[in-house]
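Structure in structure tokens, see below.
Every chain is named by a letter (A, B, C and D) in the order it is written, and numbering of its residues begins at 1.
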Amino acid sequence: MANSSLATQSQVETTTFDELESNVQSYARSFPVVFNTAEGAYLFDENGNRYIDFLAGAGSLNYGHNNAHLRSRLIEYISNCGITHSLDMHTTAKEAFLTTFNDNILAPRGLEYVVQFTGPTGTNAVEAALKLARNIKQRHNIIAFTNGFHGVSIGAMAATGNSHHRGAAGLPLTGVTHMPFCNYFGDELDTIAYLERMLDDPSSGIDHPAAAIVETVQGEGGLNVATPRWLRALERVCRKHDMLLIVDDIQAGCGRTGTFFSFEPSGIKPDIVTLSKSLSGYGIPFAVTIFRPDLDCWKPGEHNGTFRGNNHAFVTATAALERYWGNRDFETEIADKARLIGDALAAIAKDYPDDVIAPRGRGIMQGLTCHSGRLARDIVRRCFRAGLVIETSGSEDEVVKCLPPLVTPNDTLNAALDILGESTRAAIAAYKPD
Amino acid sequence: MANSSLATQSQVETTTFDELESNVQSYARSFPVVFNTAEGAYLFDENGNRYIDFLAGAGSLNYGHNNAHLRSRLIEYISNCGITHSLDMHTTAKEAFLTTFNDNILAPRGLEYVVQFTGPTGTNAVEAALKLARNIKQRHNIIAFTNGFHGVSIGAMAATGNSHHRGAAGLPLTGVTHMPFCNYFGDELDTIAYLERMLDDPSSGIDHPAAAIVETVQGEGGLNVATPRWLRALERVCRKHDMLLIVDDIQAGCGRTGTFFSFEPSGIKPDIVTLSKSLSGYGIPFAVTIFRPDLDCWKPGEHNGTFRGNNHAFVTATAALERYWGNRDFETEIADKARLIGDALAAIAKDYPDDVIAPRGRGIMQGLTCHSGRLARDIVRRCFRAGLVIETSGSEDEVVKCLPPLVTPNDTLNAALDILGESTRAAIAAYKPD
Amino acid sequence: MANSSLATQSQVETTTFDELESNVQSYARSFPVVFNTAEGAYLFDENGNRYIDFLAGAGSLNYGHNNAHLRSRLIEYISNCGITHSLDMHTTAKEAFLTTFNDNILAPRGLEYVVQFTGPTGTNAVEAALKLARNIKQRHNIIAFTNGFHGVSIGAMAATGNSHHRGAAGLPLTGVTHMPFCNYFGDELDTIAYLERMLDDPSSGIDHPAAAIVETVQGEGGLNVATPRWLRALERVCRKHDMLLIVDDIQAGCGRTGTFFSFEPSGIKPDIVTLSKSLSGYGIPFAVTIFRPDLDCWKPGEHNGTFRGNNHAFVTATAALERYWGNRDFETEIADKARLIGDALAAIAKDYPDDVIAPRGRGIMQGLTCHSGRLARDIVRRCFRAGLVIETSGSEDEVVKCLPPLVTPNDTLNAALDILGESTRAAIAAYKPD
Amino acid sequence: MANSSLATQSQVETTTFDELESNVQSYARSFPVVFNTAEGAYLFDENGNRYIDFLAGAGSLNYGHNNAHLRSRLIEYISNCGITHSLDMHTTAKEAFLTTFNDNILAPRGLEYVVQFTGPTGTNAVEAALKLARNIKQRHNIIAFTNGFHGVSIGAMAATGNSHHRGAAGLPLTGVTHMPFCNYFGDELDTIAYLERMLDDPSSGIDHPAAAIVETVQGEGGLNVATPRWLRALERVCRKHDMLLIVDDIQAGCGRTGTFFSFEPSGIKPDIVTLSKSLSGYGIPFAVTIFRPDLDCWKPGEHNGTFRGNNHAFVTATAALERYWGNRDFETEIADKARLIGDALAAIAKDYPDDVIAPRGRGIMQGLTCHSGRLARDIVRRCFRAGLVIETSGSEDEVVKCLPPLVTPNDTLNAALDILGESTRAAIAAYKPD
């Protein structure tokens, strides 16, 4: 397991990174070791130290690191010289993915969508979604929500709330109006009623939007959960005002909240959905934008990108869909683990006032919101020293976010939650509010 | 080899794609078969038909499909549970890449750059480059060039000339002034002198730019070549006007034009360079933005992205750098093949007037500019029927573009060029100008 | 007085306008006669019909049409060949205006401002204010409020809420975030607390604003009144977030609400104030942007305009300041008339439920908010037939707006309010809600 | 006449302006006296010093200061309580203007236009023109030209080339592509052929424009003259590419170049024309945007403004049109005076190399382009000391611009040109190039 000499080691070991990599690196600062191998819920550094991974590629490793089932399929594909890079040409691997995605995901849920293979990053899927919506409706404005995170390319970043990222744009971000998310202003304000008032009023200054884009649980934004009722109200407002509803399911989708799509419990039917992160299932870059067939107004190649035919991802994604989504068992497993995590977080928090520490989130996307970013950062620092990789989120980094692989065994979950509990108590004990 | 019943087959075989994939697909329309495996310069469809690949992932497969040297390293890495997805954390695989990139590429060329791992797509690397330039100079304007292609996310697309892509933006693209590329207006206009006049004149309406972004050979734009002299003049204007010089080497870099960086023959020293496409060497998504260390003003995580730590790409990229770029032999090989291709294209063109068909390009990024897009499209259609995958580029699709893997054996090159020659002659014979 | 044959007459008389003037004309449609002369609160058409003017140049004629005191000074100035047009050069007339404005307005109110003579339109004064704020703070974002109206040139229109005007922009309006005005969402929402929450939250998506621009009473927006308490809270938020506070006093200023500046009762000290409309006092184009001397970061001529030295306006403005603002008597008069109007409106409304008709406004900027724009338009139509020129405002044209000259004698006010009362009752009687 | 003690006097006299007026003042710095009265081509300061006015309100006083014919009509109108301010309602004075404008200007020239009364400033007329063009064509891009000046409100400023003004915008100016004006790049470049190449090329990066906006003689830009042939070529390109042609005739129109519209000699028929400056004839704020009736797609009030019904301006404008434009005599007079001025400037310049001083311009919009802004500013400084008010223009202030009233008697012109000649010779003698 990790030990206290890590800091010293890293000063020696990270010279290459210090000299040759840009200052833009960020997670590397929280975890100043050099990782080497990984399996399931575990990371191993180059000295063989083992860490439990409660970050999981920021939600990209729902099936764990190097999932054996997927790995064997990937190795087999590569060994057989399966085509790796195919632009947007037809391939056997893509066909298998499309068929499996339709059979195991779309059809059972009564969803009829076509699939656009965008460049294999979440931000690219969002760019495609926003373009499509604007072109269909011939309007430039998009509604996004406070604390939403949708990527950092200029089009997607306009919909991202975070000023740290926005400030780097270098030019004003346009085409998006930011509205309050569910419960943003506490009980005082029905935020959908407010949105509706602004849209109903022809002199509000809000240009008629082409669409609204929303995360049902805001991952980077601090595990803020949209209630099913709020989502349904949002869908109603979109219909009333002839706006498309886009769900950005890049972090919350692929089972993270308990169902394949995070919006399933609410019963809404988004017009456009973006998926990425855990879609390939193996941490391999992959992203799609899916939408109602009647919205498919793209002309050939209008939105393109070199790596939109990443067959390794098709292979592992297909394997994951077959392995985990052929029936509803996996959803039951996730629900059980989500309960385990929720109970543990509640137990940690129960000894403290709500404004010091409180549980937050949904599914296996839960955490602890802390009195301050300083407190949260101290907790994760202590966790790492005890062998747990975990990160903060939220506009002030004030939320400790548990994002383990969905397949993490219960004993590993418990071990990690123990570390989190101890670290939290120690951090609170040492904490002096400003 | 391919046969004439392909069209019929595809009608049956592509049903899945027709039903489940968006209309945005583009190359799939030119090559209506389902590809399955690939090796070196060859593609194989699901019926076992073989095609020579003169498209090579739009320049992403410089070392050929599933290059054996890289493949074994990748399989070994995966088999050993090497970490696949690592966000921007330090990993052994990343360290090896950084060291090899520095030792085999940067240091021997006297270039001192730091490496930013952006999201693994070219457009993301461009977004990062433009942001960085704007932030360093605190100015919003960027000079881009006619027929330039830099991606289709909103920030990068503003610098892209193509109206087919721009038209899909859904909102005005801002922050970029488009200036004429080398030889854009024939002999009449010294386009750098024109640019300089516009920048010198405080009332030209061109806001003082933060940077200029340029491809030394415009791949998508139609194989337009910037002369070394023009590039040096551009560099001089950038220095004079306190602008950064960004070379987008996504398509022309990684050896495509004969040297690792396409700008080497010109002697210029760009401030920022973007690389992607063939950087991983295996068709795996990968992109970096590299720049002078003193420009590294990024704050931690300011520009981020889930897949910026794609270790499979680090592994294959390192293997490619070791295999091909440890000495100058590969450059000699490329030069020889470039000559072979150039001679063949000249031979094809010599029987026709320049305005019907004429050679174009540099290195292994050459082709034939045709009287019209219609003629060029007919040539590539005939090529495909004869078993050669090749595409057009240029603002009117009027340039047939030869982008074979750099490692294609000479006899395969000759076979392909024979097909191209025959197809060209047949297409011209059948061609009736409007 | 006006008679019922007006409609018929106008069909003959307005041929010239129909043929030679653009469809953009708007008030002319409500009042289809040809006006010829005017004096005090009266308009006369070319047939000698007399109308009471409760529109008063949309608030530009606070001292009445062709005010005799001002007229004699203007004629004298013109007769003596006083310079008419002087760009921004020093003139005797400008000097007199500056001195009088300082002595009679600024100094007695403890306000220290410098005066920028912008182009002589309100929208130009707003453009100057927004530029100045953005340049001082080096930020692009500006907070404006729902239902605000600040002009229709592109810079000012971005801050205007009305979609009828915004829709004509022809390109997206940028650089402004629209926030809810005082009482915008009823009792449910403390709109300043909401604004503060959005500004405090670094991930709200609201870029740090350079300034907020606000009308204390929204004239075009429907006579919405900002309470003194709300204005003070807004000022506090601006100070806390290092934002400038701009009061657009173009319609509400120059005595319209009872004090020279509309914000005086609230005790706030805006950083920048725009004035126009009644500033010349004679209906002559004139506008200024005034601001704290330490904010005067303009370089010579940075914001210019041909008619920023309109000496006729300087002359009449000086005369008005001398005649009406040398002491506090005029403020008392306005208060008396405001009470008269308020009482009359209350009397009209008292027989109807609040959602049919209700009083609204402050000072001599009061009116009746109606159940619908259709009802309001019927009221003003009936008023015109009875000899009263009056207009609607509000996002649905649902507010009948009384904007008589401040100097209108009480008996004229009473006569007009009688017409308004009768017309209202008749319109309500004839009204069938949808 | 002016004397050498002016500087001293001004230090005393301008205290009021120093203390109470913003630093944005610009002409006041060149002419540090306080002007009081004016008549014809003469200005008088408060000490009775007389100056010949070769600035003439930057072209707003084509008929001289306080033209007696217009003055009597204006005084008569005011004395009779003619309505002063009428929003966009019909008035007798407006009807007279419309009729006279049609009878004396449009009809004789075979032009069929409708008149939009915009806010009474040039920049507002330009804003209206750009909006209209964008709405008609449903495209955001506009072509403007290097060194063009169209105003400083955000919409118009985007089309203005001058970086001094653009730099004050506070946010990026969008929606305009700046192209080279006639002879911008000397003989080397046919600038219309270049524009056409950019528009023909679907990958130039120039979005399909809604319109081009052009001055036939660039007043602020340095008296750059578009040749009739160039204008016709521009018109042809606009027709070919379905773009509207807007002539901004604000400075060059109303007779300044010898004909009422500056474009008459070229034979082009613009779709939209903006007029302001000398349109009222008396220096009173007035502006119109006129366009083909079939382009009149405005909805009522879409573009509005408080002072769009400035009846004083209607009265003086009508008087000017009657007095000067009832027949072609005035055009002959202007031509004679233009010749006188041209000959005098040629005589001044003939003793010096072209790069020291050279004549420039057309009609009574001529001047001397100097080796540098420093030389030009020294010339105008010396002129002012000798009693001549004259200014520079051009991107480096390098052009001394003669803009006397068109009605200036020949002996006054000669006296002024003598001062200019002497000042020029003295300035050149004292000039040391950098």
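Definition applied: a contact is a pair of C-beta atoms (placed from the backbone, for glycine too) under 8 Å apart; a residue touches a chain by one contact, two chains touch by 3 or more.
Here the structure is a predicted model, which means the values were calculated and not measured.
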Neighbouring chains common to subunit B and subunit C, by label: A, D
Most remote chain relative to subunit B, going by C-alpha centroids? C
Subunit A to subunit D: how many Å between their CA centres? 58
Between subunit B and subunit D, tell me the centre distance in angstrom, where each centre is the average of that chain's C-alpha atoms. 49
Distance between the CA centroids of subunit C and subunit D (whole Å) is 30
Sequence positions of subunit C contacting 2 or more other chains: 140, 164, 171-172, 174-175
Where on subunit A is subunit B touching in the complex? 13-14, 16-17, 19-29, 31-39, 43, 46, 55, 57-61, 65-66, 71, 74-75, 78-92, 94-95, 98-99, 101-102, 114-117, 119-124, 127, 130-131, 133-135, 140, 151-156, 158, 164-165, 167-171, 174-175, 210, 250, 276-277, 282-285, 291, 296-307, 310, 312
Contact residues on subunit D for subunit B in the complex? 140-141, 144-148, 159-164, 166, 172-178, 180, 184-185, 188-190, 194, 197-198, 201-208, 221, 394-396
Subunit C residues within the subunit B interface of the complex: 171-172
